[in-house]
Amino acid sequence: MMENAWIIPLFPLLSFLFLILFGKRLKEASAFIGILLTLASLVYSLLVLFERLTAPTYKAEGVWLTIGDVQLTAGFEVNQLNALMLVIVSLVSFLVHTYSKGYMNGDDRFPVFYAYLGLFTFAMLGLVISPNLLQTYFFWELVGLGSFLLIGFYFYKEEAKAAAKKAFIMTRIGDVGLLIGMILLFWQVGSFEYDEIFAAAEAGSISAAMITLTAILIFVGAIGKSGQFPLHTWLPDAMEGPTPVSALIHAATMVAAGVYLVAALFPLFTASETALMTVAVIGAFTAIFAASIGLVQKDIKRVLAYSTVSQLGYMMLALGSAGYVAGVFHLMTHAFFKALLFLAAGSVIHAVHTQNIEHMGGLWKKLRLTGPLFLIGTLAISGVPLFSGFFSKDEILIAAWAHGNTVLFWLAVIAAFFTAFYMFRLFFMVFAGEARSDMKNVHESPSVMTMPMVVLGVLAVVAGYVNTPWFGTFLGDWLVEGNHSLGHGHIEGPAWIMAVATIVSLLGIFLAWLMYGKRSLSRDWLTSRAPLTYNLLYNKYYIDEFYQLTVVNGAKFFSAFLRFLEVFLIEGIVNGAAGIASSLGKLGSKFQNGQIQTYGTAAFVGLAILVVIYAVTGGYLK
Amino acid sequence: MDLETLLSYEWSIMAPEFIILGVATALSLLDLFMPKAQSRKILGWIGFAGILAALVSLLGLVGHSTESILFDTFRLDSFAKAFKLLLLIGAAMVMLIAISYELNEGLEEFRGEFFYLFLAALLGAMMMSSSGDLITLFVGLELLSISSYILAGMRKRNLQSNESAMKYVINGGISTAITLFGMSYVYGLTGTTNLKTMAGFLTTVYDEQHIYLLGLAFFMIVVGLSFKLATAPFHMWAPDVYQGAPTPVTAFLSVISKTAGFALLVRILFSIFANTPSGDAEGMPMILTLQDYIAFLAGATMIIGNLIALRQRNIKRLFAYSSIAQAGYLLVVIATMSLFMFDALWFYLGAYLFMNLGAFAIIQHVTHKSGSEDISQFAGLYRRAPFLAIAMAVFLLSLAGIPGTAGFIGKLNIFMGALVPQEGHYVLVSIMIAATVVSYFYYFGVMVQMFFRPAADVGKIKVPAALTAVISISIAATILFGVVPNIAFDFLQGNFNQFTDFFQ
Amino acid sequence: MSAVPIQAYLALALILFCIGLYGALTKRNTVIVLISIELMLNAVNINLVAFSKFGVAPSITGQVFALFAIAVAAAEAAVGLAILIALYRNRKTINMDEMDTMKH
Amino acid sequence: MSFEYFLSLLVFSPLAGILVLSFLPKTQESLIKMVGFLATLPALILSLIAYFQYRAGASLESLSEKVSWIQFGYSEQLGNLFSIDYELGLDGFSLIMLVLTAVLSTLAAIASIHIKKEWKGYFMLFLLLEVGMLGVFAAENLILFFIFFEITLIPTFFLIGKWGYFEKEKAAYSFLIYNGLGSAVLLIVIMVLFARTGTSNIDALMAAMSADNPQLVAPITENMKMGMLIALLIAFGVKLPIFPLHSWMVRVHVQAPPSIVMLHAGVLLKIGAFGLIRFGMGIFPDQFQSLAVLLAVLGVVNLLYGAFLAFVQTDFKMVLAYSSISHMGIVLIGVGALNEAGIQGAIFQVVSHGLIAALLFFLVGVFYERVQTSNIQNLGGMAKGMPITAGFLLAGAMASLGLPGMSGFVSEFMAFLGLFKEMPVLAAVGTIGIIMTAVYLLRAVLGITYGQAHRDFAGVTDMKKFEFVPVLVLVGLIVLIGVYPSVLSEPLTSTLETIMLGIGG
């Protein structure tokens, strides 16, 4: 099985090529192609995962490009993390493929949509089985392309266009960091191979400073992809894409790639305390920062987007606190419940044709299936006990505490409170109370959309139990098995943390219920008390405006300056030279005045000059 | 000298000159006795035949050993042969151009004179290239000059023609006087007018005074001859004269008298000054100390010619400046004095002969069709006469020194000669190349007219056979020598054994 | 008898030459200009003849040369005048500075 | 490649087309176009044969031809000094360039369908241009190189000046003068080398320059070498173009007909890079090393300058023109790095940008054909009317901004890989260019294809059949190189080794 794991990404690639070429003819039928091929890779990845549970890591490579005596290789590797990611990605992708059959129904670019999904899935699967940094970067960019295409799927919408462009460029800024980092690393290690890099890092053949530098640069790449502060602004805008896309790319898989990258390079990061600290701080800050914005957003998808950002921050915090398992664990659970939430949100939007939660409400009765599923997701993300999110988040908090990042720990706790609050605010505003706008013929989505949600719903509940302090930490033990540099499978932490986490989340839920469910607490008590805070939060701390003002205008100004240079200096010099030549010609032809005697005189003067020069320099007056 | 000595001379080596002379006389008599009504075109054909005959006889002499008769006043060395070859080929083509020169006013009744004066001028040119004595040199020079004064004024009812002739004769007189003055000093310092004995005598001159006087003579001769070459400082007459003179005459002046001028210059400089001590410590020959002055003149000529040409609208004026520039390139050859000098000079003059005469053939035809000489007359030529346009393009490209044409190989040869010496003439080469680039502007300007601009009148242009011949020959030669130049070089090296006999 | 030194002849020739040149380059009247040119040529002749008597290596060729020079000068003058007449017919002037229909 | 005059046949095969064309009546449009297209095929086929035989292990030496051509001076006294042979030959690098030229010529010939007038003259010049380009890469001695180099100049001048857009003549002239000056400088260098060493054969020159006490006609001092290298830098810098010698090239890109720009951006600019690597590095290795830093800096300047200027252009052609400048910067960066990675990156970039630029300009032509404008502000939402073209345009942009899986990435990556080894800080500055490339390309391409249509483009039709050929071929090649770069790197190995040997790296 594992020997042929390389085939897994090829199924979606096949679907992409096939649909791009023949999609027009197939129309709606193209959905089946996509679904079947992703199913194939899902099945195959499951088989690979099961085999990997027992068998050792498998790695195969071939030469891709020769530079002088250096050989760059390409291939694939199946270790615990890769196997796990394969399953997560192909599973979510498969579900989203299915879901889209209903959601995108009737769109005239239906086949194109599936083709893009295929492309993205291919890239994402390729990313997670890459055995070296170069190949990772290769697919890293390709997933970016997939995300770009899908965000801009409604290309005729100016917002979509802007969002797509923004997403691509912002992530690219991060990617450059990654590129620099890996090239520097290459000249240190002499290879892009993960294991060789780790070996070198352990052997201490790389200076500490260099390790820190490269690690941080690579982390910059992760910041870009995983929408961490300060490169997070593209992720909420990315919600312009179709909702299934948001579920697949901007919740479950691609945005998690940053976390995956840090996890994959974990030994490198652990080799530098500074790097780890940076990761942790950025993570924690992003977590609280995004959560605070999420408190006040009105667009259902944006709320979810900010929650994604903050959850990713959690994962970073975990990794930054040496909580390898915690990070990966949360990555998995988050993939499930966040995908669920998005799909459910999509189902809601599908039903009411708006994304503004102010116009929703009272959908609980109307959407019999979507409602409960959304609730499950909400509970999971809020970290309510017995749901998957509870366990993973708990792991993170423990890791943070155990690693001694007390401040970060408390930040995370507050973030947890916020999360619980805004998620339930969202839930209540959408489903509880009465409709705040007249919504005709609202009906539950077709089963092709609900089924995937059900599957995810189940997973959102049970996924947590693969790694619990009570029934054993199978996942953790398996993940770190045979690789001491990844830390322990399970970090023991004081029991009160779990209690605190629970209380906090319940508090959040309770407050949300007071304000939006029971309405005993007026909604705008925050708005009225601190309008400034509210505006600040609602406008996402004016970060976009800030970038517009500094970076974008800066670039524009600089370009304008260069253009000035181009037109006046460079062109000017050229024209000047030409002018001189022609004016000299003019001068010359002035002498050519038609007077015979002038010509004779010229000759005589010439002769005189020659003779004088000769007399002065040459023969005689020496 | 008595009859024996006179008969003892091998007169056969003067055959070409005799033929030309004979034909010229014959033509003058014919012209006299022919009925007025009859067209004189026939005279032109006779003259052409004569030139061909001379050419044949010269080719017969090519293998002939170096010979000099009449007390060394007339030498037949490889240098003379090589240059006479150019002169005769050029003359034949100019003759063809002249035959097809149609004008309603001015020339018609003088056509006869035109032909034999032309032959007289040619004779002068030939003497210049193969005489071993100052006196014969001078007489040849004047024969050429005086005939061409009249030729320039041939269209006597045409004001411009008169004026150009006047300018020509005045400037010519001045230049003659200057040259002659220089020569008189050389004679005074050597007591002989024979170049060879002169050279021999001069090797022994060490008196500062004398050397300085020689220097003066050198400058006077160079400046005086620069009139014939139309190079700085005596170039300014050229545009006016070229513009006013009938086109065949312009062609003649720009090619044949230039070639003869170079022949004369080389002859005098290198036989008189080559091994004259310059009086400085290293005992460097005088010529090398004077090298830089020629280089200076060459640079000036190239720059002036190309820059002023930029502003010309009149095609003949344009070509006047262009030929000034070309003369500048040729001066570079002389200034550098490398071991490639003779080849380079000869080859470039040959290339220049073909490309320039071809161009003038076309210019004559186009301008005559429309009566105006503004370059706008070339507008849309590609539509009206594709053959002419493409031929003209080839000639212009060759003049601009674009690869694939003889002009390029010629320039290549010049550069090489300039760069081979220990301290290469980098400045001169740079000036020359820069000047070449400047020349792109006006050469391509004509092409832009021919190919890009719409024609004023779209009537097709018919080309008379004679012109077609000239143009075809020129185009063939220009491309042939551009693609397989070794034809020329092999001929040169095979027959003229390196011009070693030049100094004996 | 003490001969007049050659320098004197040379100086005379030079002066004559310069006068001629000056005239040729400044006079408006074309006839005068032609005559000035003759002056220059005659200066040469003085040189030649002087050299042929008092030169470094005196020889008769100088005088031969002078004869040729005189002949040529005559021819040149003739042609010059002929052209001048032709011009006069068209232009009705013999002023140098009016002969500038072609310039630049 | 068994028989003797394989290369000559390859290089001069287009002349057959010219011959045929000259007998065709100038009104037979379709026939003329067909002939013009067919005439490019022999070169293509032959070059591909050569390529695959080389990949199959055949040696390129068997291809070289040598016929003695010009002898200056006298052989008995000079021996074979100052003799110029007609000698053609190939190494891996020039083979690749030859294939590139042949492919692009054929595609450009197809693109020439859009030419509206005087097809006969157009195709004659076009084929002449191809001869020149092929010859440049096959020439084994400098003078032959220069001759072919100039031969490309003349047809291009006319092709721009006659079949270009509004300011065509100005563009043609600035092309002529800049390149004229460039080649003039080049000629000086060539002649100095020739006059001083008596040979112009490239290998012989390399040997003469590297030897400790070479047999020279006249001595060549170190300063002279440096001077000549700088002159070469200027000469090829005009072609490449290197800031600040680039302004002509922008004008040409905007004014020339797309089919010609395909060749111009695709091949002609690359002659600069080719010469710089082949002659600059090959003949003056030591001096080249001392200039490496300068080159790298110039490269970064090019990269950023082009990128930032492309960012503010409103005409898509201008954007592409400046993007070409920017991408040539990457060539310089690679060359400046002066290690395997860098040089290989530079060569890759040469090929890659050739393909990409050709693709983009072809697409510009396709758009212009239908909407008579290439101004971004007047366009928009084109993806609705012509989705396929828009898709390919996006693909081209992605390739150009160095998306992995396409050729642009490999070259960019290697160039920077090389530079980071030598001058990390400079390279880090250069990476800003990578970001800017994405910025301006997306701005332009999305501006054209995405968003709301500013005008109503009802009735614009998508690409027609024949238009698919060039696009598919180009995209195919771009992806092939991007995914399986060995198609380029393996033929290059030997060339690189010789170069590295020369610079003692």
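Going in written order, the chains are labelled A, B, C and D, and every chain counts its residues from 1.
In the analysis below, a contact is a pair of C-beta atoms (placed from the backbone, for glycine too) under 8 Å apart; a residue touches a chain by one contact, two chains touch by 3 or more.
If you're wondering where the values come from, they're calculated on a predicted model, not measured in any experiment.
Chemist: Determine which of the two chain pairs, A-C or B-C, is joined by the larger number of C-beta pairs in contact.
Modeler: The greater number of contacts lies at B-C.
Chemist: Closest chain to the protein's overall Cα mean, using per-chain Cα means, please.
Modeler: Checking distances from each chain centre to the full centroid gives D.
Chemist: Averaging over Cα atoms per chain, report the distance between subunit C and subunit D in Å.
Modeler: 65
Chemist: Measure off the straight-line distance from the CA centroid of subunit A to the CA centroid of subunit C, and report it in whole Å.
Modeler: A distance of 97 Å separates the two centres.
Chemist: Centre to centre, by mean C-alpha position, how many angstrom separate subunit B and subunit C?
Modeler: So the centre of subunit B lies 26 Å away from the centre of subunit C.
Chemist: Compute the distance, rounded to whole Å, between the mean C-alpha positions of subunit A and subunit D.
Modeler: 37
Chemist: Counting only residues that touch at least 2 other chains, which ones in subunit D make the list?
Modeler: Residues 177 of subunit D each touch two or more of the other chains.
Chemist: Mind pulling the residue numbers of subunit B that touch at least two other chains?
Modeler: In subunit B, residues 166-167, 170, 174, 178, 239-240, 311 touch at least two other chains, as defined above.
Chemist: Spell out, as numbers or ranges, the residues of subunit C touching 2 or more other chains.
Modeler: 21, 24-25, 33, 96, 99, 101-104, in rising order.
Chemist: Can you work out from the touch definition every pair of chains that touches here?
Modeler: The set of touching chain pairs is A-B, A-C, A-D, B-C, B-D.
Chemist: In the complex of these two chains, what residues of subunit A are touching subunit D?
Modeler: Result: residues 63-70, 137-139, 141-142, 145, 152, 155-158, 160-161, 164-165, 168-169, 172-173, 176, 179-180, 183-184, 186-187, 555-556, 558-560, 562-563, 566, 569-571, 573-574, 578 of subunit A touch subunit D.
Chemist: Residues of subunit B touching subunit A in their complex?
Modeler: Interface residues on subunit B, with respect to subunit A: 166-167, 170-171, 174-175, 178, 208, 211-212, 215-216, 219-220, 222-223, 226-227, 232-234, 236-237, 239-240, 278-279, 289-290, 293, 297, 304, 307-311, 438.
Chemist: So in the complex, which bits of subunit C are touching subunit A?
Modeler: Listed in rising order, the residues of subunit C that touch subunit A are 21, 24-26, 33, 96-97, 99-104.
Chemist: If you look only at subunit D, which of its residues touch subunit A in the complex?
Modeler: Subunit D residues touching subunit A: 174, 177, 244, 247, 305, 308-309, 311-312, 339-341, 344, 381, 383-384, 398, 403-405, 409-410, 413-414, 416-417, 420-421, 424, 427-428, 431-432, 434-436, 438-439, 442-443, 446, 449-452, 485-486, 489-490, 493, 496, 500.
Chemist: Touching residues of subunit A toward subunit C in the complex: what are they?
Modeler: 589-590, 592-597, 600-601, 604
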